[in-house]
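Shared between the two complexes below is chain A, which has chain B as its partner in the first and chain C in the second.
What follows is the complex of A and B.
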């Protein structure tokens, strides 16, 4: 468990650096460090499917972010930072942590889920679908509707990017 | 003159030589992850992203002409739509035996490459969709927005 807490601490520090640093490229690299830590956590928790997915998607996001932010000066707004903003942010963080402390006490212990459906999948998944990888049997057989929804979300995202960035619409501005 | 211009596109000679060696291996690894998605960790989504990354690798190292010659935007959007239609038709073919998303092909022997019914086919469909879609997003966001600045 200690390595998990160390990785979480590393991710929090990297996230704070990503927010606070002035240089855009350094900020992107710090975001990448957060994703790498998450992928290592998935690997420690014995979820290699998620670790592979997280790693490759993180690499793709980093490439797109670096190619999109490099050679482009985004304006940094400093004058609008009031003390009121800092104060209200701190207040909401304190309220959130208090409520989370009250409500998260009732969660089941780590690694002991209370849902019975997952145990059923583990028991019958191999016999019902014949797939050796239980994750793919859940994703593409028991919960295929969710995968259909995810595919629809990706399709809509690609269409949205193509419509917003297309060249024909830009010329008439 | 045009050949010299093509040589200058992309990154340095070192990166190009290494890319020539590795890009095929990356593509093969993506195909392996997709085809063995029902046996080993992986599946359609990570495999598709790895395949898209191999084309992006080619584009980063050799410039956009070389990569778009291998897979241009029209063909990529065709692949994406084909993946979506393939996934939906596999789901609809389940009505042959009863309900949506029924695993209507025989299960086969477990731990074989040809087993688990429709799951490998769904993996291939999702791989086509994700790989072509993410490659299209990269091309559109990076190349077209760079073109706009000039």
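What follows is the complex of A and C.
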């Protein structure tokens, strides 16, 4: 799995560039690189549905971010307790990484999942639902209430965007 | 093991951006990076060595497929992530219209 490690390293480098670069447009473009690398990783990890969805979502996300950043300024201020704050943040992240490294040893090894729930879906998915794509059989049949909740969240967010972005409020009569 | 750890490092890059930057757009970018890392971690946990995609074929025996459950969950999470990012951006644009800056320390007129 050497290509997986290379793509992960590429994503980390692109993320660091996105965090540290001064220009906002360059930062947005670097985030797009991270998302497209994620789409390629989904292809390598045998998840074609996710790769297609991630590609579309990434392009839409990029368009929205560029709409927000174009012709707007970026204040880069280093006032206040800059060194102290950076040091404490890095200390927290190092502690977090150490604890995570210890606790990651309890996970099953990479490439050998437990599959306690999914073995049932793999065995009976086609007989129970008749769908050749097992992911869509899980999304639309076994866990359909989950998808209903997702649609609710989606439409609530869209309504929120429309309310926030509306130019003219209704006048009082 | 090392794959999981690289994924966690990506998570920590996003976390650093979220905690340390003062620009609203940079904070939204940090949230997006954290979200990518979490989605990737789910898919890594569900991967099976030399597995194939969970799509049935007529002549193929169901022997060695990757986990379809985590793929379904992450499919939901990706779409919700786009919607929440759009909502965050809309609020950030409105804040810029009102205050003329993205700096979060200058946005302090909320108290009546």
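In this section, the second predicted complex is superposed on the first by the 164 of 173 C-alpha atoms of A that agree within 3 Å, B and C clash if a C-alpha of one lies under 4 Å from a C-alpha of the other, contacts with A are read in each partner's own complex, and residues count from 1 in each chain.
In the analysis below, a contact is a pair of C-beta atoms (placed from the backbone, for glycine too) under 8 Å apart; a residue touches a chain by one contact, two chains touch by 3 or more.
Just so it is clear, the model here is predicted, and its values are computed rather than measured.
Of the two partner chains placed around the shared chain by superposition, neither chain B nor chain C is touched by A:102.
In the superposition on chain A, contact is made by A:1 with chain C only, not with chain B. Once chain A of one complex is fitted onto chain A of the other, the partner contacts of A:145 are limited to chain B, with no touch recorded for chain C.
By the document's definition of touching, both partners, chain B and chain C, reach A:158. Using the contact criterion defined above for the overlaid structures, shared-chain residue A:48 touches chain B and also reaches chain C.
The partner that reaches more residues of chain A, of the two candidates chain B and chain C, is C. Shared-chain residue A:59: touches chain B; no touch with chain C.
In the overlay built on the shared chain, the residue A:121 is in contact with chain C alone; chain B does not reach it. Of the two partner chains placed by the overlay, only chain C lies in contact with A:11; chain B stays clear of it. Applying the stated touch rule to the two superposed structures, the overlap between the chain B and chain C interfaces on chain A comprises residues 48-49, 53, 57, 60, 64, 67-68, 126, 132-133, 135, 137, 139, 147, 154, 157-158, 161, 165.
Against chain C, in their complex, chain A makes its touches with residues 1, 4-5, 8-9, 11-12, 15-16, 18-19, 24, 27-28, 31, 34-35, 38, 41-42, 45-50, 53-54, 57, 60-61, 64-65, 67-69, 72-75, 77, 85-86, 89-90, 92-93, 96-97, 100-101, 104-105, 107-113, 115, 117-118, 121-123, 125-126, 132-135, 137-139, 143, 146-147, 150, 153-154, 157-158, 160-161, 164-165.
On the side of chain A, the complex with chain B involves touching residues 48-49, 52-53, 56-57, 59-60, 63-64, 67-68, 126, 129-133, 135-137, 139-141, 144-145, 147-148, 151, 154-155, 157-158, 161-162, 165-167, 170. Across the complex, chain B meets chain A through its residues 33, 37-46, 49-50, 52-53, 56, 60, 77, 80, 84, 87-88, 91, 101, 103, 107-108, 110-111, 115-119, 122-123, 126, 129-130, 133-134, 136-138, 140-142, 144-145, 147-148.
Taken in their complex, chain C has these residues touching chain A: 1-10, 12-17, 19-23, 25-26, 28-30, 32-33, 36, 39-40, 43-49, 51-57, 62, 65-76, 78-87, 89-94, 96, 101-103, 105-106.
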